[in-house]
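Shared chain: chain A. Partners: chain B in the first complex, chain C in the second.
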Partner chain A sequence: MTSRRQMLKSALLGGGATVVAATAMGSLGPEAAFATDRAQEVDPGAPDPNFAEGRIRSIKDNTLLVLGSNLVFHNIRVVDGTSLWKLGPVGFDQAKPGDGLYARGVRMPDGVLAAESVWLNIVNIKGHIKNITSDKIHLDHNGQEVLCHVVAGKSVAVHSDAPASGDLSMLRVSQHVQILGAWRPDTNEVDIATVFSPH
Partner chain B sequence: MQGIAASQPYVIALFLVWAGLMKLLSRRMRAQAGRTALARLTGQARAVPLLRLVGLVELAVAAAILPPAVRPVGSVAAAVLFTGFVAYLTYSYVSAPASSCGCLGAHSHPVDWRSFARAGLLLAASVASLRSGQEPPAVAVALVEVVVLLGLSAELDRHWLRPLRQFLVRVRQPLAVPSPGEIPLEASLRLLYLSPAYCSASARLTSDVQDTWDEDGLRYVVYAAHERTAVFAVPLGATEPSDVRVVLVEEPALA
Partner chain C sequence: MVRRQPTEPPADLYAAVRGEVSWFCCGTAWGPCSTTGKGACGTCNSGSLQHAWPNTSNACWDITRPDRCGVSLSRRTCGFRHRTTALCSGASVVTSIADCGPQTDLFCGEQSCCGSTCASNRLIDLTPAAYSAIASLSTGLRPAEIDTA
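Here is the complex of A and B:
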């Protein structure tokens, strides 16, 4: 891992690796925004074959057996290049049966989804703050209480256009917020990744 | 005990008059009638007339429970009314858990333990008032009872519970950071997403964050970009999105 990191670091700082595109300004140039190798593959309204969602039923070797909310089973293969998210980038060992997930990748001919990215337990909820107690925000989401935990060193707050900050002390009781976080399976509790506040 | 029983009619009448007047006079409550559990029970069209009818019955019972001459009749009527309310709350809790009850005012709180506690307390009060005689009412007990009933009323939360919580949060600062620790990755990523570097590369990215590490004041963030790898460097503590740099690297697939 260290040698790969060294190689990637030296590429960025102007070292030996094969650099495809880089500029001193830090941008690849506007044309890159339109340079997509993948054509539009999905008809409007049709299910995207390269996407899967559901909850993990079992894990065998590097394959997740996932039951979708529409009761369709998915086999999702996780390889070394797959990014896994669970309140932040994590290793494959953090995926547990019972976790909910969204996965994006490439559908193989045998039906297995070779995952490029897997987001575990990710939730995006809006509501207003009912109360704030130590390291917890009690969120009222359509009349249901969701207990949102502040995780030191991970949770950040974004107030309007200000830079994101690990200081959440500006949040106020009764204000409206949007919370991106990781659900604790089978509870009404969430670990906070980001709180978006309109002011 | 008799004094406590004698004070109950006044407590009950106070809450019935409040509930009745709200149902008859509050425009907002009528406007929101369609969102109460009552609308689900009787249909949208009948919700407002029924709300008014219940309001009239509440005022009538309040009027009947105060004069000592007809108090027993009023007490029985109140007990029947509150039993009906408890049954209605149970119905709302089971079949329309997201709806408000429409009891004492317009609000969006669904039925919870406080609604049941309030209705149950009023039911107990109406049963107690059956035993009331000619004794003077126990004023202190009645006041405590009224305060408890007001505390159980979610309709009034915005007048006392919300300011109280805001005050406590301001005093206690439960989310204050004791000392600025390391910068969370999410903070660097928010800056990254705003950067021209990310905007120019985002169409090529095929994964979320694969790897990240801090070195020499820079936070490196690695994404897959088809067969290539995109490496971003975010200066730690930077606030300018233009400080983020990116490079696309050709490297063999990860072993």
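Here is the complex of A and C:
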């Protein structure tokens, strides 16, 4: 069976690195994509060369030029089967200069990261709710307020193991939650994908 | 005041323990993560294969308090290695301790499931590099099995 990583390598080495409309997880389901038998190539505690983070400086053809927060540049190649996320599955055209990102893929001999997945502006923050309205949550995150926007049709709440619900009315002031969402670049604001609540 | 830990054997002493795994950012970063530091061990980076553990010291335990959720965990310090296996996919990653966390008691009783396979209480937080090796970052929270490596 051809693994996803082999597919990415062949897409690059075979010259098939054309950009297509990125799918949620290519041809694989979201959990199945991680079920391949990968031997860990990196020592625990060490930087993972098959992972990159930073902000997009520019976009050329199918390559994102990203400046890492540690000031190291990354060339991240989006290929057939790369999944992109920005509050949900999106196409490559949604990647913009200024976006923050995390990316995982396969580091090629020339240093390019052939991306399996790119998560644009994704944040996963914990805090307590200072205030809540029908369309906003004011979250105290480590003493800093983050304004979290409810996005109709996208934002859901997960109360422990109950199914995700678009009804966020059960959330309460002072409650501790985890908010997964998409940061609005250069602001203290986030669009909500999921609010995780323990009850 | 230093809080005494429970006297019963930690749940993870002789066997793997099941709990929830999430991810957190640390080190130099963008967005809301830009104010986070390098963690309790001073080495934490989002791009490294690392994790936070609720019992790295007495001071850490006083913050995280997994015992309030009925969970006792072993004292393990910076650099100690754990293997985290996602119960949804079976994928695993070995990471080393770089921070104190998660704050287990704030989510007591919370449960995550994959079908009929479930795990309760937040026992470990992985860096984005580590979490993305076993699950999509967009899942945010997953049931997992945690063992020594």
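Going forward, the second predicted complex is superposed on the first by the 161 of 199 C-alpha atoms of A that agree within 3 Å, B and C clash if a C-alpha of one lies under 4 Å from a C-alpha of the other, contacts with A are read in each partner's own complex, and residues count from 1 in each chain.
Just so it is clear, a residue touches a chain if its C-beta (ideal position, glycine included) is under 8 Å from a C-beta of that chain, and two chains touch if they have at least 3 such contacts.
All values derive from a computational prediction rather than experimental measurement.
Participant: What is the contact status of A:Arg77 with respect to chain B (first) and chain C (second): first, second, both, or neither?
Facilitator: It touches nothing on chain B or chain C.
Participant: Counting only touches as set out at the top, which of chain B and chain C does A:Asn142 meet: first, second, both, neither?
Facilitator: both
Participant: According to the stated criteria, A:Gly153 is in contact with first (chain B), second (chain C), both, or neither; which is it?
Facilitator: first
Participant: Is A:Arg107 touching the first partner chain B, the second partner chain C, both, or neither of them?
Facilitator: Neither partner.
Participant: For A:Ala193, decide between first (touching chain B), second (touching chain C), both and neither.
Facilitator: Both partners.
Participant: Mind working out whether A:Asp167 is in touch with chain B, chain C, both or neither, as first, second, both or neither?
Facilitator: It touches chain B, and chain C stays clear.
Participant: Is A:Ile132 in contact with chain B, with chain C, with both, or with neither (first, second, both, neither)?
Facilitator: It touches chain B, and chain C stays clear.
Participant: So chain A touches chain B in one structure and chain C in the other; where do those two contact lists coincide?
Facilitator: 25, 30, 32-36, 83, 85, 117, 119, 142, 158, 193-194
Participant: With touch defined as at the start, can you tell me which chain C residues reach chain A in the complex?
Facilitator: 22-25, 27-36, 43, 45-50, 79, 81, 86, 88-91, 93-96, 98, 102-103, 106-114, 118, 128-130, 132-141, 149
Participant: For the complex, which residues does chain A have touching chain C?
Facilitator: So the residues of chain A in touch with chain C come to 25, 30-36, 38, 40, 42-48, 51-55, 68-70, 83, 85, 100, 102, 104, 117, 119, 121-126, 141-142, 144, 146, 158, 160-161, 176, 178, 180, 183, 185, 188, 190, 193-194, 196, 198-199.
Participant: Hey, which residues of chain A end up touching chain B in the complex?
Facilitator: 1, 4-5, 7-9, 11-12, 17-22, 25-30, 32-37, 79-83, 85, 88-89, 116-117, 119, 130-137, 142-143, 150, 152-156, 158, 163-169, 171-174, 193-194
Participant: Which residues, counting only chain B, touch chain A once they are in their complex?
Facilitator: That would be residues 98, 108-110, 162, 165-166, 169, 173-177, 180-187, 190-191, 195-197, 199-204, 206-213, 215, 220, 222-224, 226, 228-229, 231, 233, 239, 242-251, 253-255 of chain B.
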